[in-house]
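Some structures are shown below for you to check.
You will see chain A twice below: alongside chain B first, and alongside chain C after that.
Up next is the complex of A and B:
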């Protein structure tokens, strides 16, 4: 359902990609791993139609990615994209006007799941609750591709736990594919089906988390330590 | 529940199989008791639902659980099976013990004597 065909992306700096070939299936949770600057964010942007390949093709749901793909892809950025003076409920209404697949019912359910107060002003939310609100907005859409860029970054274990549980509760595994870009694989390894590893813009491996344990007796962390130590 | 440690050397689905079997042996899960749905179990443990599905399939293959169409997954009512699980678990633990002792150079006889001495001393301590 997502395919990279010989994709190269040149930037001035180092966040590019070179000759990437991968294909991702429906109904799975993928971890996109690699150190900072390895091309994780670039990979997500290419799927979300926020950047285009210099060479090759990115195909999502059978279509070459262009601007219009935004209706089929949820993209949660690493940075906050909130208006601080908005209340939580204003942010929800704003999202509803922006995305036709946004479900108010699901948003309400998620708000109470995450213990977020709709009348609260965003500037008064803690960092953890802003992280939770981002997940509420992302998971209230029914789009078939869900991209999460560093959703756990800088959040305490309680918040991470509520994010993991919300993913497991609200992802529609029959229709959605999730890609989580992270350098904090530690606690979320059991959440993942497969892992894709990048280094300096190059693809270095894709494997099933359980196969790696079964065949090599390694966790993802072990494998990463072995692979990235040079 | 989440953030529970899993060993690197064994697939996660098998580690959850082991946990459920241990709960049955300890009587925390009773014959004919219903297990949580795959999704509920995934949420409780913070583990991928495809992994949990594999756990349930493996338990079914082992005949430890039964899936009843439209009703869910249940612990077997076969008490004999549960006794067998207990015996298998014991054998497994003994195998690891014996292997470790052999690697340290202990003979079978020394292991038995060692165990007997250990239990005697333990009884002595308890009597104090």
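Up next is the complex of A and C:
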């Protein structure tokens, strides 16, 4: 489904990712974990075709990734991606014209689920509501890969809660693979099937969350503390 | 088609404030010209200002495209799009061209009003013959030049952002771009000075009975006058069309393959 084949990514003289080899299966929810600068965002950008490997290959659904993979990959960025002069409904209409898998019905449903008014100007939305809108745009698509880069960053617990609820309600767990890059583990721990750990651009490992809990008796946070302390 | 329409609508919404600011500037220039005309009691000032505004449209489209691209550059998430780089760029060009035409129409409208005032007719009498034909020829020239320059803007913008992650050059991208531009000018001049290039553009040159601006410079003076005929080279037009297509293709390639988020 998603495969990294000896992928290295350099930024100028710096190494963002170093010789990564991993494969991710369909229908699972992955947590991409690691400290700042570990390569989480770079990993997601490589899958989304927004950055290209300096060496190696990234393959999604059997295709070597390029820009056109956007038709099969949903990407929620951590940055504020909106055009300030737009209204909520303008952003929805724009996405609907660009992505053939975008469902207006689902978007309407999500807007009311998130209590967002289509007529509101985006520049007048709070940070929390902007975070919610990003998720509305992401989850209104039915693409097989969903990438969420720091979806909880800087948001209060109420917004985080609504994001987790929307993930639970609107992700198609049989057909969509979800990768969530985050520091905020508390909220999403129950959602995750597997975690991938990165440190300074290097792949540390991929672990099944159930195994961590049952065999090693560790929550993800405990495991992270143990792993990243070493 | 739906995707392209969506991109155009997005561009129009994105650049609405810029468009309105442009119209505001245009009106201010006309009011300023009118004020100077009244103050100095010299009717040709207003006509000259409006001509200046019309000619300034050469830079309207390149600036519009650059401003739109710079809005996108803040996040670059517009690149998360399954459509080709050429479609993304084409939408910016076409949307800019629509605003360019609207602004130009307003300028021409004001120009027509001014022309109809008998006081300033002297200025336009200089053009002789058909004023409308002269204007159409001039507008076509301005539009072609504006589109050509805008395509170069797309290319240089794409090149600038492509170099971001290149070791060493990434940190001195501006210098690299300036050096690239100087080399481009030198190569361009070299080719246009070649005898063979001169023979090629002379082939298929047609003379149009139309007044045309002529710029004369020597070491100590600069003069602008009107030539009795305009010379249009069809082969030169074809060469520039081909060059524009090539530069657009290169810009789209850079956007798709080299510009990263």
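Assume the second predicted complex is superposed on the first by the 226 of 230 C-alpha atoms of A that agree within 3 Å, B and C clash if a C-alpha of one lies under 4 Å from a C-alpha of the other, contacts with A are read in each partner's own complex, and residues count from 1 in each chain.
By definition in this document, a contact is a pair of C-beta atoms (placed from the backbone, for glycine too) under 8 Å apart; a residue touches a chain by one contact, two chains touch by 3 or more.
Just so we're clear, the structure is a prediction, and the values are computed from it rather than from any experiment.
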Here chain A is shared; do chain B and chain C fit on it together or clash?
fit
Check whether A:52 is in contact with chain B, with chain C, with both or with neither, and answer first, second, both or neither.
second
Partner chain in contact with A:29 - chain B first, chain C second, else both or neither
first
Just checking: does A:161 make contact with chain B only, chain C only, both, or neither of them? Give me first, second, both or neither.
first
Name the contact category of A:77: first (chain B only), second (chain C only), both, or neither.
second
Classify the contacts of A:214 with the two partner chains as first (chain B alone), second (chain C alone), both, or neither.
first
With the two structures laid over each other on chain A, which partner does A:192 touch: chain B (first), chain C (second), both, or neither?
first
Between chain B and chain C, what opening angle does the Cα centre of chain A see in the overlaid model, nearest 10 degrees?
160
In the superposed arrangement, which partner chain does A:153 touch: chain B (first), chain C (second), both, or neither?
neither
Using the touch definition from the top, say if A:66 reaches chain B (first), chain C (second), both or neither.
second
With the two complexes overlaid on chain A, what is the closest approach of chain B to chain C, counting only CA atoms, in Å?
28
Using the touch rule from the top, collect the residues of chain A that touch chain C in their complex.
10-13, 45, 48-52, 66-71, 75, 77, 79-81, 83, 85-86, 90, 93-94, 96-99
Residue positions on chain C within touch of chain A in the complex are 2-3, 5-7, 9-10, 13-14, 16-17, 71, 75-77, 79-85, 165-168, 170-171, 256-257, 260-261
With touch defined as at the start, can you tell me which chain B residues reach chain A in the complex?
2-3, 6, 8-13, 39, 42-43, 45-51, 54
Give every residue of chain A touching chain B within the complex, in rising order.
27-29, 157, 161, 164-165, 168-169, 173, 187, 189-193, 209-210, 213-214, 217-219, 221-222
